[in-house]
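Before any comments, here is the structure.
For reference, chains read A, B, C, D and E in written order, and residue numbers begin at 1 within each chain.
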Amino acid sequence: MTQSTKKRSKKAGLPPGALVHIGDRLEEKSKITVINYGEEQFSKVEAKTAEECVSLKEKASICWVNVAGIHESETIERIGQIFNLHPLLLEDIMNTDQRPKMESYDGYLFIVLKILFYDEKEKTTAMEQISIVLGTNYVLSFQERENNIFDPLLENLKNGKGRIRKMGADYLVYSLIDMIIDNYFLILEKLGDRVDNLEVQLVTSPKRETLKSIQKLKKEMIFLRRSVWPLREVINSMERGESPLIQSSTYIYLRDIYDHTIQAIDTIETYRDMLSGMLDIYLSSVSYKLNEIMKVLTIVSTIFIPLTFIVGLYGMNFEFMPELKSPWGYPAVLLLMVIVSLSMLYYFKKKKWF
Amino acid sequence: MTQSTKKRSKKAGLPPGALVHIGDRLEEKSKITVINYGEEQFSKVEAKTAEECVSLKEKASICWVNVAGIHESETIERIGQIFNLHPLLLEDIMNTDQRPKMESYDGYLFIVLKILFYDEKEKTTAMEQISIVLGTNYVLSFQERENNIFDPLLENLKNGKGRIRKMGADYLVYSLIDMIIDNYFLILEKLGDRVDNLEVQLVTSPKRETLKSIQKLKKEMIFLRRSVWPLREVINSMERGESPLIQSSTYIYLRDIYDHTIQAIDTIETYRDMLSGMLDIYLSSVSYKLNEIMKVLTIVSTIFIPLTFIVGLYGMNFEFMPELKSPWGYPAVLLLMVIVSLSMLYYFKKKKWF
Amino acid sequence: MTQSTKKRSKKAGLPPGALVHIGDRLEEKSKITVINYGEEQFSKVEAKTAEECVSLKEKASICWVNVAGIHESETIERIGQIFNLHPLLLEDIMNTDQRPKMESYDGYLFIVLKILFYDEKEKTTAMEQISIVLGTNYVLSFQERENNIFDPLLENLKNGKGRIRKMGADYLVYSLIDMIIDNYFLILEKLGDRVDNLEVQLVTSPKRETLKSIQKLKKEMIFLRRSVWPLREVINSMERGESPLIQSSTYIYLRDIYDHTIQAIDTIETYRDMLSGMLDIYLSSVSYKLNEIMKVLTIVSTIFIPLTFIVGLYGMNFEFMPELKSPWGYPAVLLLMVIVSLSMLYYFKKKKWF
Amino acid sequence: MTQSTKKRSKKAGLPPGALVHIGDRLEEKSKITVINYGEEQFSKVEAKTAEECVSLKEKASICWVNVAGIHESETIERIGQIFNLHPLLLEDIMNTDQRPKMESYDGYLFIVLKILFYDEKEKTTAMEQISIVLGTNYVLSFQERENNIFDPLLENLKNGKGRIRKMGADYLVYSLIDMIIDNYFLILEKLGDRVDNLEVQLVTSPKRETLKSIQKLKKEMIFLRRSVWPLREVINSMERGESPLIQSSTYIYLRDIYDHTIQAIDTIETYRDMLSGMLDIYLSSVSYKLNEIMKVLTIVSTIFIPLTFIVGLYGMNFEFMPELKSPWGYPAVLLLMVIVSLSMLYYFKKKKWF
Amino acid sequence: MTQSTKKRSKKAGLPPGALVHIGDRLEEKSKITVINYGEEQFSKVEAKTAEECVSLKEKASICWVNVAGIHESETIERIGQIFNLHPLLLEDIMNTDQRPKMESYDGYLFIVLKILFYDEKEKTTAMEQISIVLGTNYVLSFQERENNIFDPLLENLKNGKGRIRKMGADYLVYSLIDMIIDNYFLILEKLGDRVDNLEVQLVTSPKRETLKSIQKLKKEMIFLRRSVWPLREVINSMERGESPLIQSSTYIYLRDIYDHTIQAIDTIETYRDMLSGMLDIYLSSVSYKLNEIMKVLTIVSTIFIPLTFIVGLYGMNFEFMPELKSPWGYPAVLLLMVIVSLSMLYYFKKKKWF
């Protein structure tokens, strides 16, 4: 995930507003879905070209255009012309290395968010960018690739469940953000499980891999934090009620997702604190083990080194060593050695070394 | 306690306002208690169904409805309809994974707090959520399960002790929060005792378990902090006097519990600082012990290694070793070894190694 | 000092305003001193009961009532009635576990501060609470026990030295706070001496006790900080000039003690920083010593282990070992061993191991 | 890069506004380029002296004077007189030890920024200062030496690509800053690569050089941060719209580079966090390796020390040692030694030491 | 420098405004210099007594009275009476344990700053206090002892260089502060050199003294920071333009020194960061060295311990050891030992231990 900043250099030197795709290159064509809905109606059509959006957009209803795949600059440019979007905004849509933000333009709001995924293959948290444009009666959403996190929302729209068909385009944007934040909690739970597992591992059998896992999780937390923290400001500025595009009846819902964001941030901070504590435990486990090993070495060495000296002593070849001639010499030396080793063991026991 | 965020995923994909219970599943039925009181009267009845509340609520008095058990969505929904509560508020009541907060709705205030318990079985601090709704002349409180922390308050209400029967519904809410915060100090004292015990243990006999206890307490502090910090903002926003539901005569009491909250936060921070210091002490104890062991090993080895060499020297089988033939050889070697070991001991003594 | 939060639990469940003494229980009776002074007069009488205060309070002069001992709830209550004080304020006076604060009530200001002492017996910093009530022409001060930090002030009052007899009750409160803060510097100097001593000890002979002293001082700093930090806000809010009880001519004096407070906070922070640095030095001293010991062990072992092998080699009892028969065998082996040990010493020297 | 503050001392004692060059001394002459452009025109001339600027500056078009080389105080002074610049501003231009800042003077804005380079020779990040003056219809830029980061901009100006020729002088300043910030991302990518490389190195073969590289990168981050952080405030104060020199149509572009700045700061902070984590990994790798070595020593020593004792025992020269005479003595001792070493290996295996 | 708070206790118990000198006692008499200057004139006279100032102060010009030596309370008091200064201000002048601050009194401004010196003897940074009073047409400066940092300024005043003689008293105060801050950079450069030297030392030959130097520098940084940080606020409040004593034409100069202050703070913070990094390097060097030593010990021990066992084995005195009789026994054992040691060396090589 470190590489996230690498791609920007493509744009160095180009005039502002130049449309350059920054992100993973995709092969597939972008897919444009146009959804029209009102209190009594609902239709969902796939547009073949950007131009089709115009004809598909129905009067007197709310139109949601979802673009999956943002690598085709012509498509993005055409949509920009149709909906009269600022070139800088289009540039931001195509640059997936954005911070979550909300910007207010004449006639529409522009919101950039991150969708989190758990990448099963890499066993890590991945993220994609979604850009949302909220205009009068229309909502545009641009995703890096097709995904299904908005499927429950589409289902509700189709069945007319909840109050979504009765509310305006701002409520649709709220619902999209709500889906995205609900998704964060799924990811946070996965992370929470991994943190819990690590904690158990630390206590039962700390290994070098444990440390690497801690560091990897810490790094993931750094990236998660970068995606979630700015969200707070984004929703806060939507809620402050400065834009006429957001009706005051929606404020209460925005306040709700603001709460969820704070909750998510809180959880991330808690995990970070816990991971820091685990590093301490790991390091202390390592020195504890070193201690254990040292103790065994010390006890064995300290007991046998004097004994080895004694046996060496009577291995000397001096001609005049009276002890060697005595029949009690050998048993006496054996006894001496037993006494020496026992008193040493007693000393270590007293010192609580084992 | 890490698992606290796990449950939220149940809600992913549901429309906002959907009533899903997030928390420990309980078997028992919810218990609804309706208390009516005024300057001259007091009655306490248990309602069998949510509907009964309507008939039980008396005119011209203050009505306090306490619901113990929030897992039955129908009950919560019925009470919501009776008191005309917003669906998002009902959703928050049933979701026990909330941050303490205060929200102002048309006609009522909504307050979420945490009650702390000391879980004797798990030897840890547990928490439950309480949601309070303050309306004109009525107060609703929703607890996760029945508990007795409000018993003294009920006693006072019954006996008419203190000024509570003379004051409005806002004073009742104040009293509830006051009880909850007083309870925090009980928990903090228990934690303080454990911190003190750990400190004594560290000095007398630091063990690996001591480290684990420090980490466990630190983790509890993280969770405690999360419950208590936001309280500050909650009470502050009640005191700011923006809601007509809170009379200005109650401000002085709110200021008092605001002080208590700051005091509790202060205590938590102090414990955190102390626990950090204890980790340092523990780690230094470990290296101190390693040092002690190394010193003994060094002294024993360093003294005997040269001696063992000397005895080995005269254990060689060369035919022409004149020392071996001499009658003074053995005593001379013994003397040499005494001198070597004494001079080494002197060196170590001078170096202050023992 | 950890126990400071323990006592609060006595109050759990009691209605607000209940007078419960939280603090060290004293045997002696409270002592009430009534001082009346004006530009031309000064009297100091000891009141036997709280009621006497009324008669002793003289018209047309400033009356200062000092209460030493706050454990008798009846006395506090009576004084409260006489001076018409709010029950919550009386509750705070008796609860010695308060944070420094200033509260504005109708007709009077309430200030809580901490007096610091150096407890010679425990060799630690102790603290007591003082509560001050500033009304029109009167000042009440409540101390935990009798002490003499205000003696110089009384002396000045008696002799009419300085401008104190010409100024109002607010100037008396300023003078009391000034005395208390001046006292902080005495305590900080004592702490500074201990920090300096520790630093010298660290350099000359670091011991395990040194570490414990560092930790003890760090803990004292945590408590000191808790007492001094809030003072900043207290004096700041007095200086902001919102209360009619404080004359604008006193502001310049409050600004002066505000400066002193900042100075005290600065000093505490400096000590904290220095203590953190000392912990690093201590830990590095420990590993330095371990290094020294390891070096000696290594040098001795590494030199003698090969030599011991050589002498062992010629201690073997093979029948066919031609070297053993040669008359030059023994001197040759001795020479070899000298060469081996010298080359090893040279290697260690080159590696700068000693 | 530590030396960056060294040069300032040249100025101590001089009156304010004294023009002293603080920075690397250059041999070459300063090069002054005058560019005039409007919607329909473009000209680029090199001025031989500062005076020539006056004649070269065309009416009814925007004039950009770029000065490469700021070591000639006479040139800077002359330009200052021509454009009527404040002496303090000229002093700042010549002092390359400035923090990025924006200052508003009567009639013009003064902006100081840092350009980052990757110094291939020193393998480190270098920086140069650029000062920009924005007046009505003219822009002055002062660089430490000639460089080519503005070449793409010049190209666009010449070809009339983008909207730059249609916009005012403020848009030119925006474009310059945009180029500089785009350049930051190039540098950040290089740093990112080095961080990634280090991370791989840490995992595969941590060396002492790795630690030094981590520290070197950390130090570079400290300097980078110092250059980029203040930029935030610079652009923010330009965007706040207090200067009539910046047209409101440019605000949207400034908001865009403000975003880029935040992104750059975010990236720097992320790298800092990652480098801190890597230090922990390095230190733990070192103790892990020490552990490994200790384990081998322990196992070998602990197995052979008792064996050596046994063989020493039967090397003693006592006359009365019955075992020595027995034909089973030797095989029995060999067997004993096998049993001892196997049981020790079993013990270590059980302890999971290898 | 720890002792800096010690002196304050002298004042405990004294009424506010009491003049007590807190600082190093000096023997010499204070020296009062009176400088009068205007656009056309300049005179510099030394006053023998404080009273002389009155006669020396000329009309229609700016008068700067510099007092070197603040230990004589009578002198300070007399000057206070002559210029009508507040007693608290005089108290602050004599107390050298002040934080940098600016206070606004009726008719004059009071500024306290720190002058930094490099104490060549103690090889440390020392500081002195300077108090400046800015009135209408006069400036008073009080220094702890005579020094020459204002000499260049006096030179400029005398020669009429720069714009100083044309400007008011506020510009003189600005010039004094400018001199003081320029001086900070001299000190910071010295510190920078020491930091650089330490860094080189760390890489080439880390010693215990290096650690002590790091700690000493860190401590100096703590004190430096305390002197420089508040300056920011001092100059900021001067620049805010609330005092009529400071003309708006001076603001631009104050903004300039505000910049310098930020620059100095930045440098201090950078040094602090670098010193923290150096501590890490030092500690890792220590463990690196320990590792190196351990490795040698391990290799030597691990190779020789088995060999010593083998030679011990054939040193046993059993009668029935067939190997001892064989003529190939000795060469076979020698071969065995070569094989054992070579295979061990191979193992260590593979493990990359040397």
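In this section, a residue touches a chain if its C-beta (ideal position, glycine included) is under 8 Å from a C-beta of that chain, and two chains touch if they have at least 3 such contacts.
In this text the structure is predicted, and so the values were computed from the model without any measurement.
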item: Where subunit D and subunit E overlap in contact partners, by chain label; value: none
item: Intercentroid distance (Cα basis), subunit D paired with subunit C, Å; value: 42
item: Mean-CA-position distance for subunit C and subunit B (Å); value: 26
item: Shared-contact residues (touching 2 or more other chains) in subunit A; value: 287, 290, 294, 297, 301, 305, 308, 312, 315-317, 321
item: Chain-level touch network, classified as line, ring, star, complete or other; value: ring
item: Starting from subunit A, with subunit B taken as the next chain, the full ring order; value: A, B, C, E, D
item: Residues of subunit A touching subunit B in the complex; value: 151-153, 156, 161-164, 175, 178-179, 182-183, 185-186, 188-189, 192, 195-196, 199, 203, 252-253, 255-256, 259, 262-263, 266-267, 270, 273-274, 277, 280-281, 284, 287-288, 290-291, 294-295, 297-298, 301-302, 305-306, 308-309, 312-313, 315-321, 351, 353
item: Subunit E partner contacts - residues on subunit D that touch it in the complex; value: 2-3, 5-6, 8-9, 11-18, 86, 88, 92, 97-99, 101, 103, 105, 208, 211-212, 215, 218-219, 222-223, 226, 279, 282-283, 286-287, 289-290, 292-294, 296-297, 300-301, 304-305, 307-308, 311-312, 314-317, 321, 323-327, 329-330, 333
